[in-house]
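Two complexes, one shared chain (chain A), two partners (chain B, chain C).
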Partner chain A sequence: MSALFDVLTEHLDEFGGGLWVTLRLVMGAFVIAIVVGTVVAALRIAPSVWLRRLGGIYVESFRNIPLLVLLTMAYAGLRRAGVPIGQWTAGIGALGLYTAAYVAEVLRSGVFAVSKGQIEASLSLGFSYAQTLRRIVLPQAFRTVIPPLGSITIAMIKNSAIIGVSLIALNDILKSARIVQAETFKTEEAFLWAAVGYLLITVTATIAFRFLERRYVISR
Partner chain B sequence: MTYLFRPDNWEWLITGRNARFIFEGFLVNLQLALIAMVFSLIFGLGLALLRISPWGPVRFATGLWIDLWRNLPLILVILYFAIAMPESWRDAYQTAAPGFLPDVLQRGRVFAALLALVLYNSAVLAEIMRAGIQSLDRGQGEAATALGLTYVQRMRLVILPQGLRRMVPATISQLITLNKDTTLVSIIGIQEVMRQGRILTGNNFFGGVQAPLLHVLLFIGALFIVTNLLLSRLSRRLEIAEQLRTGTTLEPISGLEDQVRPVQAR
Partner chain C sequence: MSAGGGRQVAFVPGATYGGPIEDRTTGAPLVELRGVHKAFGDNVVLRDIDLSIATGEAIVIAGPSGSGKSTMLRCINGLEEVNSGSVLFEGAPVDPGSKAIRLMRADIGMVFQQFNLFPHKSVLDNIVLAPVKVKGIEPDVARARARELLETVGIPEKADASPADLSGGQQQRVAIARALAMDPKLMLFVEPTSALDPEMIREVLDVMRELARGGMTMAVVTHEMGFAREVCDRIVFIDEGVIVEQGPPDEFFKAAKSPRAREFVDKIIHH
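Right after this comes the complex of A and B.
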C-alpha cells in the first residue's frame, strides 16, 4: 500500500504538472465549445435554409470524425502545410471544435423545448429575430440543457486524454503517467494515479453541474 | 484554401494503389468495430440484467463495475492493457483468433485493444439498456408475472423486446462512438487506417507522388463521416418506425443525455 503512495509522492511534480496541463486544456476547450456551439446552434435554427444547412454540415462533420484524426489534422497536418500552429492552440482548438458539435445539438434541442408560442409572441411584440434569440429563447434553452451539457463536459474531459497520446504530445495526466511508468516500471501505480487524476476533474465538474442544475433548472 | 484544393495535392489519391491502401486500413477499423460491437452488446445485455437483478448486492456490485469502466478515459484503458497484459494472454489470443480475420487482427496486442473497447462499451451499453428496460411501464412486468411467466420468459417475451427497441437510437449512437474510437488503437501499434495514412505521407511513398498529411487525414475523416452518417440514418429510420408503431417518444436518460435525442419539435 505504501508503495502505491510512494509512486505518487516521488513523482508529485509529474502528476501535478499533468493535472494542471489537463485542467488548462479542458477549460480552454470548454470555452471554445460553448461559444462555437452556441453560434452553430443559432445557425441550425436560423430562418435561412442555407444557414441551417451550414450549421448541419458543421455538426455532422465534427461529430462523426474521430477526435484523433481531428487532432492530428490540427497539429501535424497544418504544420506540414506550413501553418505554424502551436501545441496548445491545436489541442484546445480541436477538442473545443469537436465538442462544439455536441453542444450545438444539445442547445438546439433545448431551443425546441421553448414553446413556439413564446417565440411568436416575442416576434409579434416587435423584437427582432436576434433579440428574440438572445433575450427569450437562449436564456431558457441554456437552463434546460444544463444536465446534458454536464455529460458532454465529462466526455470532453475524458477525450482530452487523447491529446497527450496524439502527435501534439502535451504532458497531460496520461502522458505524465506514461513517463513515470517508463521510468519506474510501476505500471499499475502510474495508471491508477492517472485514473484518479481524471476522476478528480470529472467529479469536480459533476458537482459544479449539479449545483448549476439545482440553481437554474426549470422543469417543464 | 488554394493549398487544400490544388489538384497536385490530391493526385496521390488516384495514383497507384494509394486509395486501396487507405481502404485496406479502414477495413481493419470497421472489422475491429464490428467485433467489439458484438461482444459489447452481449456483455452489455448481461450487465444490464445484473444491474436490475432482484438481489441487492449484485445490483450494487454491477453498478460499481459499470461506473468504473464508464468513467475512465478509453485511451487510458487501452494503453494500460497494452502495457500490462501478460504475455500468456496475448499468446492465448493469437492461438484462439479465428483464421478468417486479417493478419493484423490476429496479433496478440489486438487483444488488449479489444478488451479495452469491450469493457468500456459494454459498460456504456449496459447503462443504455438498463434505462430502456426501466422506462417500461411497471405493469408490463407485473402482468407477465401474474400470467405465470418465469423470469426467463418474462425477459425474453415481454420486457427485453420492448425495452431494448426503445433504446435503438442511443445504442447506435454509442456504436458510432465505438467506430470512431477504433482509431485509438493506432497508438498501441495496430496497423489500421491512421497508420496506413501516415505511411503514405512518408518518404517512400507509392507511385512517386507526395501525399500531404492534411489531405490524407481529410480523406480518412471523410470515410468515417460517411460511414457514421449511414449509421445514424439507419437509427433515425428505426426510431421513426418505432414511433409510428407505438406512439412513444424517447426521453433523455440521466448521464446519457448526449446520446438520446430528446423529444423533437412538434
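Right after this comes the complex of A and C.
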C-alpha cells in the first residue's frame, strides 16, 4: 500500500504537471467546442439551404473521422503542409473542433424542443430572426441540453488522453504516467494514479454540470 | 352588461359597418385586408377576405373551429404570408419578408392562446426585453413601465417570479403586459382564454375589457360571446374562410342575417 503512495509522492511533479496540462487542454477545447458548436448548430437550423448544408458538412466531417486521425492531421499534417502549428494549438483545436460536432447536434435537438410559439412570440414583439435565435431560442436550447452537454464534456475529458499518446505528445496525465512507468516499471501504480487524475477532473465536471442543471434547467 | 353596452370611447360617428371606417387622424383604416386568400397546401383557410379595422375600434372575430379566424389575425402581423390579396397596416403593405415588418410588429401586440412567455426569463424580464432591445428604451425606464403594467394587470407582486410559477390566468396577464409594454397601436388576441381554467377566464377578460374601454384598437378571436356582446364594437363572423356577416354585437346576437350565423348564435347561447 505504501508503495502505491510512494509512486505518487516521488513523482508528484510529473503527475501534477500532467494534471495541469490536461486541465488546460480540456478547458481550451471546451471553450472551442461550445463556441463552434453553437455556430454550427445555428447554421444547421438557418433558413438558407446552403448554410444548413455547410453545418451538415461540418458535423459529418468532424464526427466521422477518428480523433486520433484528426490530431495527426492537425499537427503533423499541417506542419508538413508548411503551417507551423504548435502542439497546443493542434491539440486544443482538434479536440475542440471534434467535440463541437457533438455539441452542435445536441444543441440542435435542444432547439427543436423550443416551441414554435416561443419564436412567434419573439417575432411578434419585433425581434429579428437572428435576435430571436440569440435571445430566445438558443438560451432555452442550452438549458434543455445541459445534461447531455455534461456527458459530452466528460467524454471530451477522457478523449483528451489521446493527445498525449498521439504525435502531439504533450505531457498530459496519461503521458506523465507513461513516463513514470518507464522510469520505475511500476505500471499498475502509475496508471492507477493517472486514472485518479482523470477522475478528479471528470468528477469536478460532473458536479459543475449538476449545479448548472439545478440552477438553469427550465420547467415548462 | 345592458343592451347597447358597447363602449363609447373612440367610437367613430357615422361609421358604416362592413366598409372601411374612417380614422379620424389619418383618414385611413389602421388595418385593411383586401381580397386576402390563404391556403396551407390544398387546404384553403381564407377566401377573398375584405376587412377594415379603424383606430380605436374593438372587434371580435367569431366562428366555428377551423374557420380561419386565427389565421386571419396571424396575417395581420405577418406571422403568416398571404397567397394573394394584400394586408395593409397604417396604409403600408405587411410583407413578412420585408425589413419594414419588424417595425410593424413592434407596433402590433399579439397575445397567444398558449401565452408563450419566455420560460428562461423572469416575469419582469419578459416584459422589459423587447422595449429595451427592439425600441432602445433605457432599461430603468422600461422596468418602471413594466411594474406599472403589472400593476394594471393586477399582479405587481409577481415581477420577480418565473413564468412557470404562475397560474395560466396570471401568465396570460403577463403576456398582455408584455405586449402593452411596446405601446402598440393594435392588439391582436388569438383565443386568449381558450387554454385557461374557467375560474381564470374572467381575470383575463377583465384586463381586456379595461383595455378596450381605454380606447385600444383590438381584434380578438374568442369563443367568449359574453365578452363580445359587452365589449366589442363589431362582430365579424367567419365560416369556412369567408366573412359571412359582420355588425354590432346586439344586432348579431338578436337578429343575425345569415342562417349560418343564426345557427352559430343558437348553439352558443343554448350550449
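A few points about this structure:
Note that in this section the second predicted complex is superposed on the first by the 218 of 220 C-alpha atoms of A that agree within 3 Å, B and C clash if a C-alpha of one lies under 4 Å from a C-alpha of the other, contacts with A are read in each partner's own complex, and residues count from 1 in each chain.
Going forward, a contact is a pair of C-beta atoms (placed from the backbone, for glycine too) under 8 Å apart; a residue touches a chain by one contact, two chains touch by 3 or more.
It should be emphasised that the depicted structure is a prediction, and the values quoted were computed from it without experimental measurement.
Superposition of the two structures on chain A leaves chain B and chain C fitting side by side, clash-free.
Applying the stated contact rule after C-alpha superposition, one finds that A:159 touches chain B and leaves chain C untouched.
Of the two partners chain B and chain C, more chain A residues are in touch with B. Touch criterion met: A:128 reaches chain C, while chain B stays clear of it.
By the touch criterion stated above, A:140 is placed in contact with chain C alone, chain B being left untouched. Across the overlaid complexes, the C-alpha centre of chain A sees chain B and chain C at an angle of 110°, to the nearest 10.
Once the two complexes are overlaid on the shared chain, A:32 sits clear of chain B and of chain C alike. Of the two partner chains placed around the shared chain by superposition, chain C is the only one that A:120 touches, whereas chain B remains out of contact.
When the two complexes are overlaid on their common chain A, residue A:70 makes contact with chain B while staying clear of chain C. Judged by the touch definition given at the top, the superposed model places A:194 against chain B, while chain C stays out of reach. Of all Cα pairs linking chain B with chain C in the superposition, the shortest spans 17 Å. Residues of chain A that lie in the contact sets of both chain B and chain C are absent, per the superposition on chain A. Chain A makes touch with chain C in their complex at residues 115, 117-118, 120-128, 131, 135-136, 139-140, 143, 216, 218-220.
Considering their complex, residues 77, 79, 102-103, 105-106, 108-110, 112, 114, 116-120, 129-130, 133-135, 162, 164, 175, 178-179, 182 of chain C touch chain A. Residues 3, 71-76, 79-80, 83-84, 176, 180-184, 186-187, 194, 201, 212-214, 217-218, 220-221, 224-225, 228-229, 232, 252, 254-258, 261-266 of chain B are the ones that touch chain A when the two sit in their complex. Within the complex formed with chain B, the residues of chain A that make contact are 60-61, 63-70, 72-73, 76-78, 80-82, 102, 105-106, 109, 112-113, 116, 147-148, 151-152, 154-155, 158-162, 165, 174, 177-178, 181, 187-188, 191, 194-195, 198-199, 202.
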